[in-house]
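Same chain, two partners: chain A is paired with chain B first, then with chain C.
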Partner chain A sequence: MSKKVHITIQAGEITEQTVEIADDASYENLLDTLNINQETVLVLNEGNAVPLDGTVSSDKLTILRVVTGG
Partner chain B sequence: MDDFEREKYSRQILLFGEEGQEKLKNAKVFIAGVGGLGSPVSTYLAISGIGKIIIADFDCVEASNLNRQFLHHEKDIGREKVESAKEKLLAMNPGVEIEVIREKLTEENADSTVPGCDLIIDALDNFEARHILNRLAVKRKIPLIHGAISGYTGQATTIIPGKTPCLYCIFPGVSRKETFPAVGTTPGIIGSIQANEAIKYITGQGKLLEGRLLMWDGLFCSLTEIKLAKRNNCPVCGGQMGEIPESDSR
Partner chain C sequence: MPIKCKKCNSEAIIFQKYSGMHLCKKHFVEDVERKIKLTIRKNYSIRKNDMIAVALSGGKDSSVALYMMHRILGERPDIELVAISVDEGIHGYRPQSLEVAKKLTERLGVRHIIKSFKDEHGTTMDEIAAMDREKGACSYCGVLRKNILNRIALDIGATKLVTGHNLDDEAQTILLNHFRGDMERMVRLSPPAAVEGLVLRAKPLRNIPEKEVALYALVNDLPVDFSECPYAGEAMRGEIRELLNAFEAKHPGTRHSLLRGFDKLVGALAKELPPAKIEKCRICGETCTEDLCQTCKLLGRA
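Moving on to the complex of A and B:
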C-alpha cells in the first residue's frame, strides 16, 4: 500500500510537489525518494521538526534547508 | 575578585551579581574553531570574564577569511589562527587564560585532545567534525552549543545531553566540507547568540535554546524557531529510548 504526501520545499525558493511513498515509509525514505541529503534539511510537520527515523504520519510536510558553514 | 574586576564587569554584575561573575571566572569553555563563528564567540566570552577558554583550530589565516573572521587581520595571513586569536583575545582581556589546540579533531584523538571543560561550543564549518564533537559532548554529559551559517542565514541550538535531542538526532547525515558564501554579519549574529547561551548556562539565567532551533534569515531580518525532537533510536544519545543500542555503542 502507498500514500501521497504533499511536500513544500523551502530552499531559497519555494517549490511544491506531491510524492507517493509506502505506507510504512520513514522520513529518511521520503528524503531518499526526493534525492535530498539528510544533513542539509529539516522535515517539519505543522512547524515542528520530526525525527527522520520516524514513520511519515502526515500528508502535508515542509522540508526546510539548513546551513552547515561556520 | 579585585576592585578593577568589579569595575570592569560592573554592568554584568548588575545582571547576575558578583556570584554570577565568579561563576564565569571559574568556568572553562572549549571553542572548536576560531573562524567566522569562533571570532564573536571567543571575543564575547573573553571580555565577559570567562576564566579559561580553550580554542582549537588547525587552519592558518587566509585572505578569504578576513571579511568575517575579525580576530584575524591582514598582517596575520599565514599565521596559525589559534595564535592570531590568542593574541587579540589577551589584548582585549589579559585576565582570561587562553589555551590553544592546533590538532585536527578526529574520532580517535577527540577524547584525549579536548581537556576537561564545562561546555563545548561548536564554531566549526562542517558536519563531519561536528558529529565528533557531539559524540564527545554526549559521552561527557556536557552541553554543546551549536551554530552554523551560510550566506545571510544561520542557525543555533543548545544541546543538553540526556535532556534534548543531540546533534545526530537533528542532523544525522554527513556531507563534504565545501566553500560556502558568507557575509560577516551572519556569523556575527549567530556567534553572539552562541556566546549568550554560554553566559546564560554558566550563570544559570534565562531559558536556553533547549530542544529549539533558532533560524536567522538576514535577507528578511527574521527569526524562526523550530521545535526539535529526539530520534526514536539514536546511535549517539539513545534518542527517545533513552539508551544507546548495544550494537551502536562505542
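Moving on to the complex of A and C:
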C-alpha cells in the first residue's frame, strides 16, 4: 500500500509537490525518493522538526533546505 | 508512534545518526550548548577583560555563534561582545540579511558595527562579479571581507574574532586542502597562535553539524536569513560538500573523524611547516606573508 504526501520545499523560494510513498516509509525514504540528501534539510511536521528515521505519519510536510552554498 | 528522547520521555525532534541518539528539544539544546562550551574551553580560552568581536552576516551560523557567545558571556561585566557585519554590496541578498542581523543584535543588546566594501574598498561585490576577472567571486569576497573584519576588530581593540564556521565547513575545508595538496593552508586552519596585527580567530561551532546549527536557530526562534548568495558556488567546495554529505549519510561520523584526525595531525604538520614570515603590506600596512597583501593584489593596487 502507498500514500500521498503533500510537500512544501523552502529553499529561498518555495516549491510544492505531492509524492507517493510506501505506507511504512520513513522520512529518510521520503528524502531519498525526492533525491534530497538528509544532511542538507530539516523536515517539519506542523512547524516541528522530526527525527528522520521516524515513519511518515502526516500527509502534509515542509522540507527546509538549510545547507546552501556560500 | 512518535520516537522518544534517549534522555527523557519527551518526543524526539532529531536523530543524530553519528551518536545513535534521539533527542527532544530540551536535550538537543543542552547537547549543542555543552559541545560549544567544551570547544571554547579546549581551544579558545576566554580571558578577563576580553573584547570579543563576532562576525555576523545574519545567516544561521553567525547568528547562532553570536547568540551562544552572549548566552555564555553576556553576564560577565568584564567582557564586551561586539558584532561586526560587512555589507559586500550584493543586491537582492545582503540588505535583507543585514536587517535580520540588526534584529538579533537589538534583541540581545549587543553593540553592532556595519562596514561596507564600498566605503572600505571603494568597490562592491556586484561590481567585482561583473568584472573580467581571473578568480571566482568567492575568492574576492572572502579576502576583502576578512580584511575588513580583522581591521575593525583591531581598531576597536578586540582580543578575539569569532566566526560561525560549523563542522561541515571545517570538514569540507580539510578535504579541500588535501585534494589541493595545500598543507600550508591546512596548518593555518588550526586554532591559531597569536600574531601581532591579526586578531585571534575562534570557531566555537566547529564541532556542530550545519544541520544542527540550523535546528538550534529554529528551536530558539532566532531571526535568521536562510537565503543563498547569488554568487555562491566556489565550484570545488560545492563538489566536496556533495561528496561529504553523500558519505556522511552512508557512513555517519565521517565529518567528525575528518576533524578529529586533523586536530591530531596539525601539531606535527605545523612543526614541519613553520608559519610563513609575517610582514606588513607595502601599500596598506596590513599584516600578511608577502610584501603585498591579498587585498591590495586583488584590488590591483600594485
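We adopt the following convention: the second predicted complex is superposed on the first by the 67 of 70 C-alpha atoms of A that agree within 3 Å, B and C clash if a C-alpha of one lies under 4 Å from a C-alpha of the other, contacts with A are read in each partner's own complex, and residues count from 1 in each chain.
The definition used in the following text is that contacts are C-beta pairs under 8 Å (C-beta built on N, C-alpha and C of every residue); 3 or more make two chains touch, one makes a residue touch a chain.
Here the structure is a predicted model, which is why all the values come from computation and not from measurement.
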Inset, instruction - Evaluate whether chain B and chain C can sit on chain A together after superposition, giving fit or clash. - result: clash
Inset, instruction - Please work out whether A:53 is in contact with chain B alone, chain C alone, both, or neither, and reply first, second, both or neither. - result: both
Inset, instruction - Pick one for A:16: touches chain B only (first), chain C only (second), both, or neither. - result: neither
Inset, instruction - Pick one for A:39: touches chain B only (first), chain C only (second), both, or neither. - result: both
Inset, instruction - Could you tell me which stretches of chain A are touched by chain B in one complex and by chain C in the other? - result: 37-40, 42, 48-54, 64, 66-70
Legend entry - Contact set on chain B toward chain A in their complex: 33, 35-38, 122-127, 147-151, 153-155, 165, 169-175, 178, 180, 182, 187, 213, 215, 226-233, 239-240
Inset, instruction - Spell out the residues on chain A that touch chain B in their complex, using ranges where they run on. - result: 28, 37-40, 42, 44, 47-54, 64, 66-70
Legend entry - Touching residues on chain A, where the partner in the complex is chain C: 10-12, 37-42, 48-54, 64-70
Inset, instruction - Flag every residue of chain C that touches chain A in the complex, lowest number first. - result: 2-3, 12-15, 22, 60, 138, 168, 209-211, 214-215, 218-219, 226-229, 231-234, 237-238, 241-242, 245-246, 248-249
